[in-house]
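Labels run A, B, C and D following the written order; every chain starts at residue 1.
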Amino acid sequence: MSAWQGNAQILSNRRIRGAYFHLSVMAARISAVAKPGQFVMVKVNRDGQEPLLRRPLGIHNAGVGRLSLLYEVIGKGTQILSQRRPGELLDIIGPLGNGFDTGPRMRGARPVLVAGGMGVAPLVFLARKLKAHTPLVLIGAKTGKGILCAEEFNACGCRVRLSSDDGTRGFKGKVTGLFKSMLRQGKTGMTVVYACGPRPMLRELSVLCRQQGIPLQVSLEAHMACGIGACLGCAVETHAGYRRVCKDGPVFPAAEIVW
Amino acid sequence: MSAWQGNAQILSNRRIRGAYFHLSVMAARISAVAKPGQFVMVKVNRDGQEPLLRRPLGIHNAGVGRLSLLYEVIGKGTQILSQRRPGELLDIIGPLGNGFDTGPRMRGARPVLVAGGMGVAPLVFLARKLKAHTPLVLIGAKTGKGILCAEEFNACGCRVRLSSDDGTRGFKGKVTGLFKSMLRQGKTGMTVVYACGPRPMLRELSVLCRQQGIPLQVSLEAHMACGIGACLGCAVETHAGYRRVCKDGPVFPAAEIVW
Amino acid sequence: MQPNLSVTVGRLRLKNPVMVASGTFGYAEEFADFLDLKSLGAVVTKTITVRPRTGNPPGRTCETPAGMLNSIGLENPGLDVFLKEKLPALKRIGIPVVASIASEKDPAEFLVLARRLDKIDAVAAIELNISCPNIRHHAASGRQRLVSQDPAATYALVKAVRKATGKTLITKLSPNVTDIVEIAQAARKAGSDALSLINTLTGMSLEVKTRKPKLTTGIGGLSGPAIRPVAVRMIWEVRQHIALPIVGMGGIIDTSSALEFLIAGATAISVGTANFVNPRVSIEIVSGLKAYLQEQRIPDIRHIIGRVGH
Amino acid sequence: MQPNLSVTVGRLRLKNPVMVASGTFGYAEEFADFLDLKSLGAVVTKTITVRPRTGNPPGRTCETPAGMLNSIGLENPGLDVFLKEKLPALKRIGIPVVASIASEKDPAEFLVLARRLDKIDAVAAIELNISCPNIRHHAASGRQRLVSQDPAATYALVKAVRKATGKTLITKLSPNVTDIVEIAQAARKAGSDALSLINTLTGMSLEVKTRKPKLTTGIGGLSGPAIRPVAVRMIWEVRQHIALPIVGMGGIIDTSSALEFLIAGATAISVGTANFVNPRVSIEIVSGLKAYLQEQRIPDIRHIIGRVGH
């Protein structure tokens, strides 16, 4: 489970649509041991201090020797990343963090995956891992165009339901609204929920799941300077005190978090 | 004679050999008014602070609408510049500085151009301008491989003599040694000398020319923050006090400089 | 909507809060090719001394990570030449001219400068540069200090200059202090109308190959984006405690960084090092601020000054 | 040629001058995947307090031009847990362990810490962190100050700790002072064996969209390449006046920047923020220094320490 730092050759780095990009690199040392929910720290520029720090990105998929990332260009770092070309070397560290708990208690589980916006990124890898359980996947975004990866989930045999705030695709409203309506229909029989997305979404899910007594695992974000547990910058408040999102997370049982 | 700042489209940017590059841009506003010996300030990176400051580069040639630069990759800034590609926009300011004095007293002149290392860069433009006088051009470099632009000078109808410290091409020794031997041969009939190169070379030339009573114009270098006369960072000591290399120079009569 | 961009610094009315920092804009003429000078809020001159100064030996600037060091040594033509040769052109621009002044050895030179400038209409305000790191003023405890590194010296000097002129006085402070609020307080009590924050941080950079300092003087002043967090912090700190308008500067390079200073508590801002990188940046910031206010539907720039959210 | 890389800081012998800075290397275990820890000259622990500290609320770090701000708030498990759970693994690395310590409120806590650590063989030296900008110690003139912002307080504290331990004492100073030499002098007179220079500069950064500080605490500590010129200057200044070995830090990111500190006068260097960017950077610097000495045919690293050219 040890982390590796090195130069990974870029295999492809292409725009999916809008500001969303898919990056694939050769990184056998990472892909061989990566678990869904873990992430990598990427030095977007070859060297140099603009930006200075690495960027955390969830592991979107891990195949033989290969690793893929899915990212949205939102600022300087992801902008530079989007300009890197196949053949170039990308300095990455990973796999980092704990990953989703898909442990022994999963027998007979009926997992639900809930993604808000870019929260889909790490859930594709998870869905592949949980394939045998044919997970139900709920994907929400602001607009229909922001809904990513529906096909990938379908390809994993998942049942997929969509939502968009503006109703341009799927359920009209937040993905938490979709989740609630699924609960109301009562047919999911869900035994465990995995979620990744903006904090308000995770907070609302945590309330809903607590009410229903369904265990919920959330993947959190925090500003990360190191990503390896050294700087203590990525603290999140839990009922047992501050924890490091990068090392003790990024996945936490929702019940542990002070929302 | 006013300077222009703007985005100039890169037409070509290619390695000549080793660390030497030739860059050509569309910059009609600069090329239309540029004089030999003037320079431009180049923002090597599109935006950003690494490096923060612009880089001064002499105008190597100016054609209709076009401007060319000749540069050596020696550090971070020129390294980044060498990676810029045709079609991209390069933020440049120019023309800056005073340029060589090729004024009215040039009638019947027999000019000699002396270049040390990258000092050839601005002298090609000057040679073109002085074509009618068939200048004698002395080019020196550490090794034969470092001798640039001999063909360009030939194409301008110049007589060209070469030197290399290691003797791999032309006269063996410093270009100032070659200059001295030309003086000794006494056949040049030189009436004015223009020089660009490392400071020790210019200093030695200034002694030689003073002894011979030949006017010498030297193009100086200094670390430049602004290049437009505002920061007072590029001071050079002259017999009349400090002067700004960027605004009052970069070309000075050698006799004015406190060597 | 045409948002209001005008602000007041002491009795100095600026049509917009964008000034250019002393020593980074020459005497404005150097920038005439690049921008419409009269679009600026105000221009601050290179610091002027009574006598001409030749400045420090060359090797005066070098680059550092996201910044630069300088050790110009206050090169300037002296008061008389400034008045005769530089001021007329500055005046013709038609925007307020802030004259930056300093003494070389004797603080009394400040009074000479202030009295002379006091009578000159074309000078809208005086900036007291008591913080140039390239000039050390007096020794305390055997160690050299700048005036603006000592609250008592700051008080005494500002007080004296205050008596010598009725013009708006802006005291420019050094960030190289333990407690900027203490110094700002001294300037306020002595009658300064406003504060300029910050001058450069003292720094040094060595060339590893030669083992020599990159600046001939060894140490110099650090400016540029690298120092911005220090500047924003000091402006915010001073704003909490001192009821004086602040002209904020230190690493402003675009509209966003200018806004950071205004929000932290600066009534106006000065663009310094960024002028070297992009000579048009100051007026780009003027337009940028206007666009920002329009987008955010804020009718008046003053509504964001000092309004740090919680 | 096998050049000598070993140096001595107080009674601390280092096989090479490369240390890692407090708070940027965790308790070393976080870096075990990336480098051979025993290649380092020494490791400095995250600052330890008597009681456990939970640290500041999240929103603890942000990026700045060529640097970063942090406001961790000295989160640490407290002395007992440190000794029981962290020190044994640190000891096993087999290199000198420098324990960084601080008090939370009462300076007497420093004595508690020093006395306990004094008896522990695995602790090779003690670094007194009297300069953490996230903790204010005492008020002077009504304003809050750090111990290391006050020469008298520095003297008193170092003197007291000096009596409490015979171990090598390294006093870590804040750059947020008017005169670093004065503070360094106080530490020397009180019996400090060495100095660590510099801790972070106090800074602030605002998110323009929300107008909120990027750090929840508002202000924090600026580190990284941006502050390097300030660090080099302070080390050079102190070296001119104070006869104590200096552990230099502040923006070291590679061999060349490490050399800048050694040449300026640091006997050893600490790598901080750069560990986050490249976890292997510290040992890359060890090899880089060796290669530099070989290339330059310098037989001993000590031959370059403090040797600024003219």
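Here, contacts are C-beta pairs under 8 Å (C-beta built on N, C-alpha and C of every residue); 3 or more make two chains touch, one makes a residue touch a chain.
Remember, it's a predicted structure, so these values are computed and weren't measured experimentally.
Undergrad: Which chains are in contact with both subunit B and subunit C?
TA: In this structure, the chains that contact subunit C and also subunit B are A, D.
Undergrad: So, what's the distance in Å between the C-alpha centres of subunit C and subunit A?
TA: Each chain's C-alpha centroid was found; their separation is 47 Å.
Undergrad: Counting only Cα atoms for the centres, state how far subunit A is from subunit D in Å.
TA: 36
Undergrad: Calculate how many whole Å lie between the centre of subunit A and the centre of subunit B, each centre taken as the average of the chain's C-alpha atoms.
TA: Taking the average C-alpha coordinate of subunit A and of subunit B, the gap between them is 55 Å.
Undergrad: Find every residue in subunit A that makes contact with two or more other chains and list them.
TA: In subunit A, 49-50 touch at least two other chains.
Undergrad: Please output the residue numbers of subunit C that touch at least 2 other chains, ranges allowed.
TA: 65-67, 224-225
Undergrad: Have a look at which chains touch which and call the overall pattern line, ring, star, complete or other.
TA: complete
Undergrad: With touch defined as at the start, can you tell me which subunit A residues reach subunit B in the complex?
TA: Where subunit A meets subunit B, its residues are 48-50.
Undergrad: So in the complex, the part of subunit A that touches subunit D is made up of which residues?
TA: 2-5, 43, 49-54, 91, 93, 222-237, 241-242, 247
Undergrad: What residues of subunit D sit close enough to touch subunit C in their complex?
TA: 64-67, 69, 141, 143, 145, 149, 176-179, 181-182, 201-206, 208, 210-213, 218-219, 222, 224-230, 232-233, 236-237, 251, 256, 259-260, 263-264, 304, 307-310
Undergrad: Inside the complex, what are the residues of subunit C that reach subunit B?
TA: 23-26, 30-31, 33-34, 46, 54-55, 57-63, 65-68, 70, 72, 75, 224-225, 253, 273, 275-280
Undergrad: In the complex, go through subunit C and note every residue touching subunit A.
TA: It is residues 65-66 of subunit C that touch subunit A.
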